[in-house]
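What follows is a pair of complexes built around chain A, which joins chain B in one and chain C in the other.
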Partner chain A sequence: MTRRGLSLVELMVAIILVGIVAGSIYQLLLSTERGYRTQAERVRVNGNLRNAISLLPADIRELNAADLLGSDIISMDTSSVSYRAMRNLYFLCQPANAATAQIVLAEDAWFGLRPYDSARDWLLIFQENDPATRQDNEWLRADVASIATGNSCPGSTPSLTVTLANLVPANPGLSGVTDGAPVRGFELVEFLLNQDANQDWWLATRQFGKSSSTWGPAQAILGPLTPRGLQLKYFDGTGAVTATPANVASIGITVTGQMSAVGGGSPGSSNNLHLATRVALRNNRR
Partner chain B sequence: MMKQDGMTLVEVLVAVLILSVGVLGLVSVAAAVTLLIGQGQRYTTASALANQRIEMLRSQDCANLAEGSAVEGKYQVSWTNTDLGNGSRILVTVTSPQRHTARNDSFTTTISCVQ
Partner chain C sequence: MDIARTEKGIALPVAIFALVVIGGLVAGGMFFGVREQRAGLTTLKVQRVFAAAEGTVDRTLTHWNRGSYYKLSVGAILSDTTYRDDGTLFSTSTVRRLNDLLFLIDGAAYGRDSTVAQRVGVLAGLRLLEFQHKAALAIQGQMDIGGSAQIDGNDTPPAGWPSCSISAPQPAIIMSDSTLLSVSGQCADLSCLTGDPQIAVDTTISDSSLTNFGDTDWDDLRTMATELLASGTYSGIGPVIVDGACDANEPLNWGDPVNPSSVCGDYFPFIYATGDLKITGGIGQGVLVVEGDLDVQGGFEFFGPVIVRGRLRTSGTGGHFNGGVTAANVDLEQNTVLGNAVIRYSSCALARALRATAPAVPLRERAWVNLY
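Coming up: the complex of A and B.
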């Protein structure tokens, strides 16, 4: 039996064929890898955006922009908004004492995120005025001069006796604030788009310091976003865009996440992901 | 030289047939998954659009509520309201494009109109 091996030409053809097949498999592997990384990046950015979209409306939903004594929105801009963020809710357990500027709150029945914090919170006090109409109801603003705990509520239940300071408006003061009136503790909060030392943009928040009377440092919450990654639009009750804080009835929020270079992102790239929502202010006067 | 037994043409054809049935099955699964992902994306967008519209209606005075429709990209959003006396029931319908037909998703909510 004669045994023939492969000729050189046959061998070379075989090597070239194997090379082509191996090369295309490698290309396939590479593009799959790239696709996987892009998708992982999209999931990350999308998760971030979804957090932003659930975080911002939580506070904004609770605002009252149309109160007789002024809007809960302090200032508003396309990429920042500052407002009175409601943190707790108490109720008076006896009528307010206008002469001493004191209110007595039921201590064991408060609601909200956290109890009143004198270092951060101011108060809004509901003034009923004429019980026969809703048109004259309003929220008085006040700071707290002192707080004393005790058992002054009906049935000797725990109470907070609050002496108010800087009541706005000072006149007619606490008249018309009835037994059972709600009192809300709020702090001043701003959401803004903030650039860090690495030139990245973040959704950030900061609080207004009561004692320092200035805005505290911005705390980044999530990102990175694009340079125009937070876009806020303010609408009045008819759905038209408004620039007056007292007329705001709903706020449109769009956040745009910055994809990293791995995900094919650059500041102006269409690969950047965005999410939009709209939130109506629930506590507006009607 | 040694006698070499190859495969007959029929054998090759049968093998190719069986292989292609298997491969086609895999391909159709991949196609179905792609279709479902696309559908899920459209429904998510549809519910986000409905949510936006409901928030817009909620911010309006009850007296100004009226039915209407709007085009948002490839989606059509339409809404109607039913007066309940001290409230209003809102029905938002989002029509999302499909390959051959269109799909309607309905969302309903009630807005308080107590004065």
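Coming up: the complex of A and C.
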């Protein structure tokens, strides 16, 4: 009796062939899946880096490192920088009152990131002095003793009446501060590389509290970054590296994003992604 | 029974399954790739639009439209929109007057596909010429005054000009050495000189102090000019109105100082004569700068500062200057103010002409503003 079927040899050949084909397919699946994850991770890290690179320059452009009353850059090193960050711009709607140390700002014509915040902001006030010369133009620095809303601008339009305190320089005070003079509000901010409880490194920021006179806690913004994930370099007007805040004319920023293990990253890995830029300070004294 | 037809295998389902999984992963990878590309393109667009916003502010400053912006009242704005040739973006420049001297230039740029926008600003002030020596006439070297000439340091507003205030009297003449002054005719007793004092002596007067004006040197004056005038003799200077508008393209239209409410009444050119200039009549206002000598006859009347690098000469019916005259006389030749010339100090004429002809420049510090 003849029975049709597979011999043992045929069966083994079939199993081996199926194994080879299945293994190849598995390898293909595995590498494709790995590529997919790496791609997704790169997109995530790149997005983080782009955000980081766009955050810092917005503040840095507005710095005046060469202010004669003291540089806007308060401290600087390779992984942190603290500075006066400009937040709003107002205009006087009537000449400053030197006797009462008061200025009246037009409340309905301000520009900037957010309106004035008395808990965080100090003021810079433009002083024209002699209209016939630009040489004596200055920006006075002041704190705010009190602030009141009203309708004291021409045409009874909304106003902020600000009583100033700790005016610098105290002499000649508010004389020469004219109607229409710009007033800039700023807060003290630090950008730094900060390590959290999980030992991950983050780009973080913190604000200086006016009432507490101390820096607040660091708040992570973006990350994780590598342990050297924020590298800052400071250049003077000739392009040479400088360590003097008053000489800074541009700042080089390099941010290195930490790829997760899935994406092939590790602290020293070449797979980690970098993004670098250099920002010129626009407001230095000229 | 044909075995080949009835044999059931798993190769096809496995292959289909693998293709579906791989297809899904590839599609996912492409999705991330496309997303990454779009994010990159958006970053690029943001940078382009940011540069365009800054560029429009720079362009507004570089091509400062003195006539238009001078007329802006405090608080008023003037906008201009520019479309880029390649059609990818457009930008808007808005100039807001903050006070007599200050402006906010607001530059905004937008992608044509409405995906990106950036807005920056610059605080700018008028760059006025700064005169070190305030007087009706500041001069160097030999000076001869005669005939019925008058030099008056009392602050005199031009007739009919609105909102002029009067400041303290200035010297009639300021010069380095009063012994270089010779008088004759009706001025023999110095009665033609009025001011406080009549003659002020400043030994520091030099070529430099008479040809530098704050941070503006002589070479800058030429770049500030709105009209370059070749060396020569000119007459018939006066307002030119075409189709009801003041014709700023006419080189001899120097505004209408005697009719301040006319269409040329607020037109103040900045005139730079590249050599010797002889004027035989007419009226004008603005800033008059002469690279060589200035020779005036025929009752020419001018309102605003007159700055002469060479010597000053008036004769016959002379010239009437309202504002102030500075004659550097760098070659130390003889200056003569003869005939019935009148040089009268006017802070109002000076201030208005200087403001109307001044270009705007960013504040010395903290000019740049992120307007968000």
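By definition in this document, the second predicted complex is superposed on the first by the 280 of 286 C-alpha atoms of A that agree within 3 Å, B and C clash if a C-alpha of one lies under 4 Å from a C-alpha of the other, contacts with A are read in each partner's own complex, and residues count from 1 in each chain.
By definition in this document, a residue touches a chain if its C-beta (ideal position, glycine included) is under 8 Å from a C-beta of that chain, and two chains touch if they have at least 3 such contacts.
Since the structure is predicted, the reported quantities are computational estimates derived from the model, not experimental observations.
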Which partner chains sit in contact with A:R134 here, chain B, chain C, both or neither? Use first/second/both/neither. both
Per the contact definition in the header, classify A:S213: touching chain B only (first), chain C only (second), both, or neither. neither
Answer with first, second, both or neither: which of chain B and chain C does A:G47 touch in the superposed model? second
Determine, under the contact definition given at the top, whether A:S156 touches first (chain B), second (chain C), both, or neither. neither
If you stack the two complexes on chain A, which partner ends up touching A:D179: first (chain B), second (chain C), both, or neither? second
Between chain B and chain C, point out the one touching more chain A residues. C
Given the touch rule stated above, what does A:S250 touch, chain B (first), chain C (second), both, or neither? first
Intersection of chain A interface sets (partners chain B, chain C): 134, 282, 284, 286
Which of the residues in chain A come into contact with chain B in the complex? 1-2, 134, 235, 237-239, 249-250, 252, 275-282, 284, 286
Partner chain A, residues of chain C touching it in the complex: 3, 10-11, 14-15, 18, 21-22, 25-26, 28-29, 32-33, 35-36, 39, 43, 46, 74, 97-102, 104, 121, 123, 125, 127-128, 130-131, 214-215, 361-372
Which bits of chain A are touching chain C when the two form their complex? 4, 18, 21-22, 25, 28-29, 32-33, 35-36, 39-40, 42-43, 46-47, 50, 54, 58, 61-62, 64, 66-67, 86, 89, 91, 111-113, 124, 126, 128, 131-135, 137, 139, 178-182, 184, 282-286
Show which residues of chain B lie in contact with chain A when the two form their complex. 1-2, 48, 51-52, 55-56, 58-62, 64, 114-115
